[in-house]
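Look at the two complexes coming up: chain A is in both, with chain B in one and chain C in the other.
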Partner chain A sequence: MVTKLDNLVDGTIETDFLIIGGGLVGSMAALRAVQSGKNIDVTVIDKARMEYSGDGVGIDNFLQLPLHKEDIGKDVSGSDARKATFGADRMKGLKSARLDAIALKNAHISLPILDEIGTHVREDDGSIKVVQGYRKGTVWGRLEYDENGKPTDPLFGTFSRGSDLKVKLGTAVRKKGIRVLDRTMLTSIITKDGKAIGATALNVRTGEFLFLKARVLLLATGAMTRLYPYPWAPFPNRLFYTLMSPVLDGGGHVGALNAGAKLYCMEMCTVYVVSKGMNHSSGGGACNWFFKMYNSKGECLEDKYPEKIVTKAGGMIPGVNFLFAPDMQNAGAERDVIMSAKGKATPDEVAAVYFVAATEPPKALKFHQLAGGLTNENPVECVPVLAGIGMATGGVLRENEYSETGVKNLFAAGNVTGSGSTRGFTWACLIADHVLELIQDQNQETIGRDQTEQIGETRKWVFAPLSRKTAYYEINPLELEDYVRQVNYNYVCIHKVKPRLERAIALIRLVKKGAVPLLVANNIHELMRAIEVQNIIEISELHAQSSLIREESRLVPIHYREDYPELDPKWDGKIITARKVAGQVKYSVESLY
Partner chain B sequence: MYGVEINYGPKIDERYCSGCGACYENCPMDVFGWDEQKEMPVTVYPGECSFCCFCEIMCPEVAIDVRIPLHNLLDFGISPVKLRPGSDFLGRD
Partner chain C sequence: MAEPDNCEYCGRLIKGASEIRTRRGKRHVYCSEFCFRLHFYDAPAISYDDLQNMYRLRCISLKLD
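Entry: the complex of A and B
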């Protein structure tokens, strides 16, 4: 007998456009959708409080825009554009060039909204404010200026002072009267005949279980940042001391996977170099951006590996390559203690670091102040941090030019798709525009027996840890999360090799069968952590499995196989996708061309 | 719970807290609970603090000090012996 929907949920909300995740992308999409003036009901759910949630909180230096009008619409495969982004040629085939071209063509689409909410993206003359830039083919971040004080020919510029951008976006969304459900996490996406028709969500403060019925859904849940621990912090804090926002547990990825969408490139884990202690890339004096890095022999790495760092090793941030792959043939070359020394930097570089530290999240400033103000002369050790999945690597696969996933009416944008925040803004606007057209001829679907069953199943697994207080062995969600992330750190990590990957998969399966059924939550807050750890376990398995399948190294250290240390042309343009068929994850190697 | 008392995370100075709830409302990690009797926030899950420090900067009474774990202070080259008790920024007693 099927239970009635009303008995399964504490409330049902009907909406036209459901946005899952109130980060940069979610807020932008909501603003764009209501800006049209058309009659559209928009709902945004966010696990934290919208104004202070997501990766974008307090982050500077993330919006990369083509500066010159003539750059807009340039084919991304063109040589100039390619030179401008690190390792872009080696990303070839890992991302859809078609979608990237659309994003680049519309790169400035979000500017009117950014202007309207009062961000200072532009100079007084209307040009884009540049603080850092991609110069053609050289090191990221260091701008040089001509005699007029204008940056010399950067192809892409970054607007800075974004530390309150997220607050401004969130405030604007609320002011527009858009329905915002704070502290509400996605638990499942409900489908009907391969079409997304809504989602279930849990309020992590009150425990209310909601069904959100929607005509169109946008998945904007961000990256997955809780795959690896920050091993230099004490437990349990090492779980949450992540480089990116630790709110992001991969719930959106798992929701999409369970609904039938494909995930791709799950073997690609973004690696950053950070200052030890602060765990922030601009922290120890922007160890990887501005200050010079030295190995134990006292050699300056930038001088030791000129040009090679960018052109041969590829990758995202030069610091990462300094540490791991100054030379692709010898990927582990510089793995000793690397110190970032301020003393040897130019005054301009020192000033740039202080500027960055002062406008990044308050954490960076606090560390500097605790260290004795911004005059700390001590060199800081640089360490690699595995930031997670989704920062320009992999995630939910978008299957058409509207950024729609494999599930109809389920769109995805931002880091959950493995794109960056700039493209996230663009896609948020493009999707919102498309949704306005789409809902004209979309009727709310009726809820059938199958959908009620899906909701019932979700409710059952969501609340299971709450009712398990008499288990013989009670498993604390944080303890289990720590174990799983240690497994990833010890057996997957940067230096991947077949036997260790197989061991990781075996351990994760043991966890799934032997530990997850005993997860215990004593209250709703702990229930949230219990749901999160199940998402983390799911993603961990995909990460290890995909790493095992890709028998080559690419974008080192993002994916480095010790047993296949070379870039293999056979894998050019090939992605590994994961899809759930009848409850089982199926992997396949596909081509994006 | 974990064998070691957690001495880091947000410390709320009850003498200055006005109970506005800004930290409780906005914390991304939901580490605060609400003490109904005192009408004040209370740090329930300090171990889940990500040290974003937003509670510290948004507190209108400057009543919150986010304490950094020992490991991370030392790794960054900070001498704990030099740190004063109380608020680090204001030097308020």
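Entry: the complex of A and C
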């Protein structure tokens, strides 16, 4: 017997455009959709609070501009497109150059909205100050000058202005009268004949279980950053000292996977280098453009390893990851204790770092303060942090030029797509424009027996841990999360090797079978944690399994296999995708070219 | 009491809406949340001259309109 929908949910909301995640991308898409003046009903759900949520607070990489000034707005394709997307050469087909070329052409599409809501992106004279990087082959990064004092082959990326951006965007969304559901987390995406028709969500304060029926959905849930523990903080703080927002449990990824979308490059985990006393910032991707790094003997790493790894640290894609690259041919580099020293920086470098640091999530700044503060003058050791999936590459695969996933009417943008935050704004605007056209001839789908069953299954799964009675033992969601993240740290981590990866997969499967059925939540907050840990377990398995399949090293240390330490050209342009078929995850190797 | 004209952190003239925060009962006025945050975390102030110097050395100006 099928239960009636009304008995399964505490409320149903019908909307035209459902945006899942109210970060920078979600807010921008919502504003763009309503500012068109067309009659469209937009709903945004956010697990935290709209004004302060999201893994980006400032503009940082969200508005990156291409190569040379004269290239802005040009059509680019093929190898030019790969060049134009910063670092794409290094990516060698891990990212879609076709999609990046589209975004590149529309790089400044979001500026009118940013102007309208009064962000501080522009200077008083209306100009945008753009930081210059340089490029040498596939390496790009900190600005250098030639003998005539001119910048070497400059690239452009916008400077990290607009750190008040998230608050202003969130406030603007509310002022426009857009329906915003705070403290509401995605629990599943409901499909009908391979088409997304809505989502279920849980209010993490009240426990209300909602069904949001929508014509079109945008997944903007950000990266997945709760894959590894933060090693320098005690439990349970280490679970939430992430460089990005601590809410990023991968719920969007898992929702998309369960709905039938493909995830890709889940083996690629962004690695940052962070100095314990600030100096060298973390989340503010551009900080590393300004500071030179030294080893403990005071040797400048840039000079010591001119061609390799350390330094030439290039801003946004891929992160700061050259800095701590394990290198089998150059073991000395790895043994060097990397230090950053504010004392050796010039005043303009110091100013630049403060400037960029302020665009980090508040938590990161707080951490810097706890660790010695922004004023620390002494050299401090840098440590690698595994930040998670999605900042550089990996996430929900977009399968057409509208940034649509394999599930019809389910679009994705921002870090959840693994495109990095770069061009998040651009895609938010492009998707919103497309959605406006799409809903003209798109009717609300009717809810059939199959959909009611999906909602019923989700409800059963969501509330299962609440006040569960177990015969022997109860498992706390945070303790389980800590265990799973420790498994990832001990068995996957930076130095991946086959036997350890296999052990990680075995342990994660054991957890799924043995521990998840014993999860107990005593209240709605713990219930949220229980859902999150199940998402984390799901992503952990994908991460370990994909790492095992990719038998090469690429973008070290984003993916480094000790047993296959070299980049293998046969993997150029190949991505590992994961898709759920009849409840089982199937992996395949595909080409993005 | 009249609001101060300048941001407590960066010292620049407040042109738009000011950011008003209360910390431990004391009222502070900033030009943006950006300045509040830097002040809150005790970041040394960047002077306007420092900023201009940084721009001069590291940035170029783009006009996109």
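Everything below uses one rule, namely that the second predicted complex is superposed on the first by the 468 of 593 C-alpha atoms of A that agree within 3 Å, B and C clash if a C-alpha of one lies under 4 Å from a C-alpha of the other, contacts with A are read in each partner's own complex, and residues count from 1 in each chain.
Quick note on the criterion: contacts are C-beta pairs under 8 Å (C-beta built on N, C-alpha and C of every residue); 3 or more make two chains touch, one makes a residue touch a chain.
Being a predicted model, the structure only gives us computed values, none of them experimental.
When the two structures are aligned on the shared chain, A:Ser53 is found in touch with chain B, with no touch to chain C. Look at A:Gly118: by the touch rule set out above, it reaches chain C but stays clear of chain B.
By the touch criterion defined above, A:Leu478 lies against chain B but remains apart from chain C after alignment on the C-alpha atoms of chain A.
Looking at the shared chain after the overlay, A:His108 reaches chain C, while chain B stays out of its contact range.
Looking at the shared chain after the overlay, A:Ser127 reaches chain C, while chain B stays out of its contact range.
By the touch criterion defined above, A:Pro234 lies against chain B but remains apart from chain C after alignment on the C-alpha atoms of chain A.
In the superposition on chain A, A:Asp164 contacts chain C only, with no contact to chain B. Touch criterion met: A:Val204 reaches chain B, while chain C stays clear of it. Counting contacts by the rule stated earlier, residues 58, 362, 366, 369 of chain A appear in both its interface with chain B and its interface with chain C.
By the touch criterion given at the top, residues 58, 65, 69, 72, 108, 111, 118, 120, 123, 125-132, 143, 156, 159, 163-164, 167, 290, 347-348, 351-352, 354-355, 357-359, 362, 365-366, 368-369, 373-375 of chain A touch chain C in their complex.
Note for the complex: chain A touches chain B at residues 48-49, 51-53, 57-58, 183, 204-205, 232-237, 239-242, 245-247, 275-279, 283-284, 361-363, 366-367, 369-372, 376, 378, 380-381, 476, 478, 525, 528-529.
Chain B makes touch with chain A in their complex at residues 1-2, 4, 6, 8, 25-30, 44-45, 47-54, 56-57, 66, 68-78, 82-83, 88-89. Every residue of chain C that touches chain A in the complex is listed here, in rising order: 16, 19, 32-34, 37-38, 41-44, 46, 50-51, 53-55, 57-65.
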